[in-house]
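My questions all concern the structure below.
Which chain is which? They are A, B and C, in the order written, and residues in each are numbered from 1.
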Amino acid sequence: MLNALLLVPAITGLLAFLVRWKPVLHALLLATAVSHAGLTVRLWGGPAVADWGGWLQLDPAGMLFLSITSLLFLAAAIYGVSYLRGECRLYPAGHQAVFVGCLLVFLATMTLVCLSQHLGLLWVAIEATTLASAPLIYFHRSSRSLEATWKYLVICSVGIALALLGTFFLSIAANPIEGTLILADLVAGGGVLLAPWLKMAFVFFLVGYGTKVGLAPLHTWLPDAHSEAPAMVSCLLSGALLNNAFLGILRLRQVCGAAGLATFGQGSLIGMGLLSMTVAAVFIVGQTDFKRLLAYSSVEHMGILALGFGLGGLGTVGALFHAINHSLGKGLLFLTAGNILEGYHTKTIAEVRGVRRLLPASGLLWVLGFLALTGAPPSGAFLSELMVAGAAFQNGHPFVGLAFLGLLTVVFVGMARPFLEMAGGEPPAELAAKKPVESGLRVLPVGLLWLGIVTLGWYVPPALQHLLRQAAALLGG
Amino acid sequence: MNMVLEALLVFIVLTNLLMLGSSRLGVYIRAGAMQGVGLSFLFFTGEAGWPHSHIVLLALVTMVVKGLVFPSLLFRTIRQAGVRREMEPYVGFTASLLAGVAAWGFALWVGGRLPLPGVIRSDLLVPTAMFTIFTGLFLIVARRNAITQVLGYLVIENGVFTFGVAVEAATPFLVEMGILLDIFVGVFVMVITLFQINREIEEIHMDTSKLAALKD
Amino acid sequence: MAGLVPILLALLLAPLLLGVINRTKAFFAGRQGAPVWQPYHDLRRLLGKGAVYSRTTTWVFVAGPVVGLASVLAALSLLPLGGQPAFLSFTGDLVLMVCLLGLMRFVTVLAALDTGSSFEGMGASREVTFSALAEPPLFLALAILARKTGSLSLTGILGAIDHGLWLQAGPMLLLVATALFVIFLAENARIPVDDPNTHLELTMIHEVMVLDHSGPDFAMILYGAALKLWLLGALVVGILVPAGSPWYVGWPAAVGGLVLVAVLTGVVESTIARLRMHKVPQLLVGSLILALLAMVLGAR
């Protein structure tokens, strides 16, 4: 079962590189997304199966992140087919084949991140996500996207190299249990791990994978990469990949918790969380490019996750829940941004006016999505942000809680203006004359994502509640 | 065995210093290649007696990839781009050398204070690894040329690898291979990106300070 | 009286090294080249000539070559060869040796300045600058060896570098030898620091200082330079060829080693271009760094 989950996207991905007939490519993309989602659904509620001698296992945390990835990929694939048949229909087939191939391999690597229980393998998988996604950012082949790709590659690769060093540190810490890197063994033997090396390992994991997560001050590549990539790639990078990279840090927190160091690193997580939110707030206010705006919002939300995990307890549950909400909301906004970009051919906020009139459905989703993502009730994000804030006050960090609420307000206000300005007003006359048509395939997945995030605001299915609690317990909440 | 090991480590340190002090891209690439080959010999210094076949394979792959494939890829890039020298680095070459010596001293100081468990074959191993990582980071930060930055990434990986050998980290064969594959593909993708950068923006000459269209 | 043998060997064979270097360079350039004995003929010819003195020079100009040759001769008496003891040896004699070489340079510089030519002054200034940079690594290299062998005399140090020490601290010794070889090239005005053949005024260092000397004075300078080449070369060889063999092996091995060093110098001169003037400090700092690295290795 786990093998199938990995092999389906990997094999179809490699196949896609060879296909030169566009309809087949698009069918391949859709079929893989659907079967991956189907396999994931089938794994829900089942027992945690292990494979490859314990190297692969789907524990609750992995399950949660895998589900997010799979769901978002399905939405992105539906949207993507329409995207490839729409504005990119003139791109040569070979060009599209590389894109679809990389997209599918990207899915395979992200799946491996969620499944892997061996921290060395986890490193291999996370580095592989960088490599598979770099060509995706360069899809439009402009000099700007080239620059973004270059920064993404170099900064993330270097960051992740440090995480490899952290992995070796962890192996030293595990010297009493023969340097094993298998998570279950590490957790079982937590008591005998060498504490100083474990702490060093955590620091390097935080810096290394933190680069990939985009925690400030290691976020510098993120706005460039997320803003230059095509819409559904931005959606996956932001909604799926950032979470998965966070899993690297969380795995080590699991080990730290088992070694009785649960409180170690909380301060740095809280600090980096607040710093990320502050940096994001500063750059959101007065931002002129709406895709960069969304990218900075990702930095902010990763900050919220870091804060939640750093606070622990209720905060861990809140952060996990927030990961779902952020992925749904950010996916929805990035996809909508793609629609707007196609309609207006610009990313400059000041040049986009009257989306509600020109692209009615996208305009509506743009505003609704903004409200859902920034935590206006009823939205899942409202609940999860409330939980994180509650954790701050409960665990005796009132100033952190106040700062958190203050920053959320600043971001809300900072984002409200450009979003409302873009949606309202009159569209430029020459665009209005052309009367662009919105393709249903490019609105439907977005609408479903919105439905998801709003539903979570007033009803969390028991199965999901159970999973969240289990995952939080696993991660030492 | 200890002497061979120390000679290899000194060799790695010297290649680092060479890269810090040189302005020629060709020298960087050759030094990086020599470092990779030296690194692959480190695998054999572990146990007495005939090495395990896994180790031989790993060392061979390391040697071929780092000593042969990467240098030829990078040489092709500089030929294509027509750049041979690192122009106007952010930090001068003599200053870089002195910084390197300071870093070497620091690495020794830290290496002497780390409470490593188990048997450590040479007390130079950990400092050398740290110094190599430092050199790589320094090359990325202090040089403008994109090829130098790719090389800096490779040097960091070399340092991490040296550390892995130093502590005999229990990474299974498959994972080691996976790591190597990742690095290989990583450099490959970077070099392809470099080709594109070179084709896209003619006057740039691999100068990364000119890649500044994206900012806030 | 066995202590006199190293001195005698040096006095007899030092010009031969110059001949070997030139022959090697000729080989690489595809030329026939002068015979290896040519430096001896040059010396004989110069000694048979008279000297010309400028009216602006004083006794300092005459004293330069004499004191220079005297100091390098004195330094030679401190030099052990082939693991055998030197003619003179006492605690701290390595400092004296470096000082004697310094004295030699000092009088040469004085003589150059004494001519009052701005041209020679330029050479003197360059010589002083570069040797000021070459001296720290030289001292450092000797100090490392002194610490490793626990002796403060050259005879003690070079006598203690045997197979056992090579097995124990090979990388360190190799680094020190490399650093010393760079100093050897720099101090003897060889490529890549200075080109002994060039007479292009702007790039000369050593040659420009001795332009005004002629006849026997110039012979003394040439002979002194050959002895200095032998002296510093013997230090490098003393490290690379382990001591501990009897005299009938040690001395021939040392002389053979010196010839090899001369060949190596010729190879370096044929394959490497002379560094631009502002790059020279970088090379010397490089040799200092090699010595520092060796110190770190030795200090553990």
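In the analysis below, a contact is a pair of C-beta atoms (placed from the backbone, for glycine too) under 8 Å apart; a residue touches a chain by one contact, two chains touch by 3 or more.
Model, not experiment: these values are computed from the prediction.
Q: Which chain has its C-alpha centroid at the greatest distance from the C-alpha centroid of subunit B?
A: Greatest centre separation from subunit B goes to chain C.
Q: Which chain is the middle one, judged by CA centres?
A: B
Q: Contact counts by the stated rule: is the higher one at A-B or B-C?
A: Of the two interfaces, A-B and B-C, more C-beta pairs touch across A-B.
Q: Please compute the C-alpha centroid of subunit A, do the same for subunit C, then give the distance between them in whole Å.
A: Averaging C-alpha atoms per chain gives centres 67 Å apart.
Q: Mind checking the centre-to-centre distance between subunit A and subunit B? Centres are C-alpha means, answer in whole Å.
A: 31
Q: Let me have the rounded angstrom distance from the C-alpha centre of subunit B over to the C-alpha centre of subunit C, please.
A: 37
Q: Would you give the residues of subunit C that are in contact with at least 2 other chains, written as numbers and ranges?
A: none
Q: For the complex, give me every residue of subunit B touching subunit C.
A: Listed in rising order, the residues are 3, 6-7, 9-10, 13-14, 17, 21, 93-94, 97-98, 100-101, 104-105, 108, 123-124.
Q: Which stretch or stretches of subunit A touch subunit B in the complex?
A: Residues 118, 120-121, 123-124, 127-128, 130-131, 134-135, 138, 141, 143-144, 146-151, 153-154, 157-158, 161-162, 164-165, 167-168, 171-172, 174-176, 178-181, 194, 196, 223-224, 227-228, 283, 287, 292.
Q: Please give the residue numbers of subunit B that touch subunit A in the complex, ascending.
A: Interface residues on the subunit B side: 115-118, 133, 137, 140, 146, 149-150, 152-153, 156-157, 160, 163-164, 167-172, 175, 178-179, 181-182, 185-186, 189-190, 193, 196-197, 200-201, 208, 211-214, 216.
Q: Going by the contact rule set out above, which residues of subunit C touch subunit B in the complex?
A: Per the touch definition, subunit C meets subunit B at residues 167-168, 170-171, 174-175, 281-282, 285-286, 289-290, 292-293, 296-297, 300.
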